[in-house]
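Each structure below appears as C-alpha cells.
One chain, chain A, appears in both complexes that follow, with chain B as partner in the first and chain C in the second.
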Partner chain A sequence: MPDLLHRYGPDLLTGFGMTLFTWALGTLLGFALGFAIELLRRFGPKRLAWPIRAYVEFIRGTPFLVQLFVLYYGGPLIGLRLDALPAGVLGLTIYGSAYFTEILRAGFDAVPKGQIEAARAMGFTDGVIVRRIMVPVMMVSALPALVNFAIILTKETVILSMITVPEIMFQTQTMMSETFAFVEPILILALFFWGFVEVISRLGRRLERRFTHYLLERS
Partner chain B sequence: MTTLSSSPAAASMRKVNKYYGTFHALRDVDLDIPPGKVTCLIGPSGSGKSTLLRCLNFLEDYDSGEVRIDDQLIGYETPGGRRMSARRLREMRRDIGMVFQQFNLWPHMTALQNVAEGLERVRGFSRPEAEVRAREALAKVGLADKEANHPSRLSGGQQQRVAIARAIAMQPRIMLFDEPTSALDPELVGEVLGVMKQLASEGMTMVVVTHEMGFAAHVADRVVFMERGEIVAVGSPREVFHDAADPRLQSFLQGYRERNSLEF
Partner chain C sequence: MFSFQTIFDNLPVLIGAARYTLLISVLGCAQGLLVGAVVCAGALSRRVWLRRAAALYVSFFRGVPLLIQLLVAFYLLPVIGINVPALVAAVLTVGLCAAAYLSEVLRGALNAIPRGQAEAAAAIGMAPRDLWLRILLPQALKIGLPAIINELILLVKASSLVTVVGIVEITRMSQSIASATYRPLEIYLAAAFLYLAINLVIAQAGRLLERRLAY
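Let's look at the complex of A and B:
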C-alpha cells in the first residue's frame, strides 16, 4: 500500500482535483443555466414553454453517459469539436440544468402567491420581485433538494472517465489496470467520495440555516 | 341615491365587465370613489367584491369598460385598446396602496425591512432614508417597538398593521383593503380597525371590502352593496342599512343580523 501510494499519489491527487473542479464548475454552470431556463419559462414568451419542456424531459429521460457520448463523439458531426474536459463540463452543465430547473420550478411554485402580489401591487419590477422576494422565500423549501442534487452530481462526475477526463475514477482505473491491485484503489475512491459528500452536506446545512434563520428565531 | 361631493372622483369605473372564462364576475359596474372618503364594499360571498377591488389596481384585468385612477385609465392605453406598458402600470400602482386579507408580508424580512423595501426599491430612497420613513410609518400603526421582529414573531393583528404601514409609507393617493380583518381572531380585529379609522380621519381615500358591518356603519361615508357581479345599491350608511329598499339587500342584511344578533 505505501508503495502504491508513493507511485500513484500524484496521479490520485490530480484525479481528486479534477473531480472537484468538474463537479464545482458543472454544478455552478448547471445551476445558472437551470435558473435562466426557469426564469425564461416563468417570465418569457409562452411559445418557449413547449421547447423547454421537451429539453427537460429529454435530458431527464436519457442516461448521462449517452448524453456525454452524443456530445463528445456526435458533436464533431455537427462541427462541435470539444476536448474531453470541456465536453465533460458542458455535459454536466446540461444534465444538471434540467434537474435544477425542475427543483426551482417547484420551489417558485411554493412561494405564496399573495407575497408576490403584494410586491406587484406596490409597483416592484419583476427583477426585484425575483431577487428580493421569490428567491429568498423559495430557497427555504428548495435548498435541501438543490443540495441533494449537487451531491448526486458528485457521483455523476465519474462517468467523465468514459471520455478520458483524468478525474479520480479514471486515475484509479489506470492504477488498477497497471498494478492489478483492486482493493486499495476502490477503497481510496470510496473514502474520497464519502469525505467529499460529507463536506457538501455540511456546507448545505450551513446555507440552509442562512436562509431559514428567521423561522428558527423564537423568543 | 346621493352624490357625496362634486369634486372629481379619486377612482372611477364605467361599464366594467369581467369574465373568468365564461363566468361573468362583474356586470356593467359603474362606480365613483369620492376623494378623501371611505367607501365600503359589502355583499355576499362570491358577489365580486374582491374582483372589483383588484380591478382598481389591475391585479385583475377587466374585459371591457374603463377603470380610472385620478382620471388616468389603468391597464389599457385607450379604452378597449392595447395593454399599457409594464412600466406605466408600475408607475400607477406606486400610488395605490393595497392591504390583503392574508397580510402577505414577506416572511424573510423584519417589520422594518418589509416597510422599507418599497421605499427603497420603488420610491428610490436611500436605505437610511427609507428606514427613517419606515420607522415613522411603524410608529403610526403603534409598532415602533416591533421593528426588528419577523412576521412569524408578530400576532395577526400586528402583521396586518405592518402591512398597513408598508402601504401608507409609500404615500399612496388611494388605499384598497380586501377584508383586512377576516383572517384575525376576534380580539385582534379592534386594533386593525382602529388604525383604519385613524387613517380615515386623516382624509385618506379608502375602498374597503368588509364583513364588519359595524365598521361600515360607523366609518364609511358611502356603502356599496354588490350581488352577483352587480352593484345593487349605493348610498350613505344610513340609506343602505336603514332605508334599504332592494329585496336582495334586505335579505342580505337580515341574514347578517340573524347571524350576529346585534344592532347597528
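Let's look at the complex of A and C:
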C-alpha cells in the first residue's frame, strides 16, 4: 500500500484538484446560467416561457450520464467538438442550471408582494426594485436549497470520469486497472468522498447561518 | 444529417433494455422503503447508539457518490467471499442508497402526524405493533408519497450508473448501439427521451395516486 501511494499519490492529488476544479467551475457557471434563465423567464418576453420550461424538464428528467454522452459523443455530429474537460464542465453547467433556475424561481416567488409594492410606492424604479429588493430577499430564502444542490453536484462530478475527465475517480480507476489492487483504492475513494462531502456540507451550513442569522434571531 | 431512421430502427431494442432500468429502480425503491423504515426507526429510537448508527448510515450513503458505492459492491463483495450476480449487487446497492434518502422522507412524514394520535392509540390500549402498522406507517407513506415518487424518479436516472457493473439497461444498450451504428447523437438523444418518458409517466401516476388517496 505505501508503494502504491508513493507511485500514484501525485496522480490522485491532481485528480482531487480536478474534482474540485470541475465542481467549483460547474457550480458557478451553472448558477450564473440558471440565474440568467430565471431572469429571462421572469422578466423576459412571454414566448420564451415554453422553451425554458421544456429545457428545464428535459434536463431534470434525464440522467446526467446520458446528457454527458449526448454532449461529448453526439456533439461532434453537429460541429460541437469538445475535449473531455470542457465537455464535462459544460455538461455540469447545463445540468446545474436547470436545477438552480427552479430553486431561484421558488425563491423569487417567496418574496413578499408587500415589499415590492412598498418599494414601488416609494418611487423605486423597476431596475432598483429587482436589484436591491427582490434579488437580496430571494437569495436569503433560496440559500439553503442552493447550498444543498451545490453539495449534490460534488457527487455528480465523479460521473465525469465516464467521459474520461481525469478527476479523482478516473485516476483511481486507472490505478486499479494498472495494479489490480481493488480494495484499498475504492475504500480510500469512498472515505475520501465521504469526508469531502461532509466538509462541504459543514461549510455550507456555516454560510447559511451567516446570511440567515437575523431571521433566526427574530423568531 | 440527423437520422430519424436510426432511432426508429433501434427503439425496440432500447425499450427492451428499459426493463432493466425499471427493474432496478422499482426494486431499489421497494428495498429502500423497507431498509429506510428500519433506519428511520433507528433514528427515532431512544437508544443513543442506535441513533448514532442510523445517522452514520445516512451520512455514508448520502455522502458517497452512488457510482463509487456500486464499485465498492462490485469489487469488494467477492473479496469478502460473497459472490452475487451483478444485477443483484446493483439492486442491493441502489436500494441501500435509496434507503438513506427514504429514511429521511419517512422521518419527516412521521413528524407530520399529530402526536395526539399516538397518545390516543396508547390510551385505548393499542399495542405498539398495531400503532405502527395501522396508524403511523400508513399515514407516513401517504404523507411521504410525493417525496417517495420523487425518489423513484431520481432512481430511474441513477440507474444509468449501473452500466459500470455491466448491466445492459437503457444507457449501456445505447452505448453499444451508438458504437455499432456510429450514430451517438441520435441514439443518446433517443435514450434521453426514453428516460424522460418513463419519468413523466411515473410523475403522472404519482399524481393520480395522490389524488386517489386524498380525503
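The definition used in the following text is that the second predicted complex is superposed on the first by the 212 of 219 C-alpha atoms of A that agree within 3 Å, B and C clash if a C-alpha of one lies under 4 Å from a C-alpha of the other, contacts with A are read in each partner's own complex, and residues count from 1 in each chain.
Everything that follows uses one rule, which is that a residue touches a chain if its C-beta (ideal position, glycine included) is under 8 Å from a C-beta of that chain, and two chains touch if they have at least 3 such contacts.
Computed from a predicted model, the values in this text were never measured in an experiment.
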Would you mind checking whether chain B and chain C clash or fit side by side on chain A after the superposition? fit
So in the superposed three-chain picture, is A:12 touching just chain B, just chain C, both, or none of them (first/second/both/neither)? neither
More chain A residues in contact [chain B versus chain C]: C
Let me test your reading of the model: by the given contact rule, A:112 touches which partner, first (chain B), second (chain C), both or neither? first
Counting only touches as set out at the top, which of chain B and chain C does A:74 meet: first, second, both, neither? second
Mind working out whether A:142 is in touch with chain B, chain C, both or neither, as first, second, both or neither? neither
In the overlay, answer first, second, both or neither for which of chain B and chain C A:87 touches. neither
Answer with first, second, both or neither: which of chain B and chain C does A:182 touch in the superposed model? second
Between chain B and chain C, whom does A:159 touch in the aligned arrangement: first, second, both, or neither? second
Superposition result for chain B with chain C: lowest C-alpha separation, Å, rounded to 27
Let me check the overlay on chain A: which residues of chain A are in contact with chain B and also with chain C? none
Using the touch definition up top, name the residues of chain A that touch chain B in the complex. 112, 114-115, 117-126, 128, 132-133, 136-137, 140, 211, 214-215, 217-219
For a test of understanding, state which residues of chain A touch chain C in their complex under the given definition. 57-58, 61-67, 69-70, 73-75, 77-78, 155-156, 158-159, 161-162, 169, 182-183, 186-187, 189-190, 193-194, 197-198, 201
Per the contact definition, I'd like the list of chain C residues that touch chain A in the complex. 2, 59-60, 62-69, 71-72, 75-76, 79, 153, 156-161, 163-164, 170-171, 174-175, 178, 183-186, 188-189, 191-193, 195-196, 199-200
Chain A partner, complex, touching residues on chain B are 57, 59, 86, 90-94, 96-98, 100, 102, 104-108, 117-118, 121-122, 150, 152-153, 163, 166-167, 170
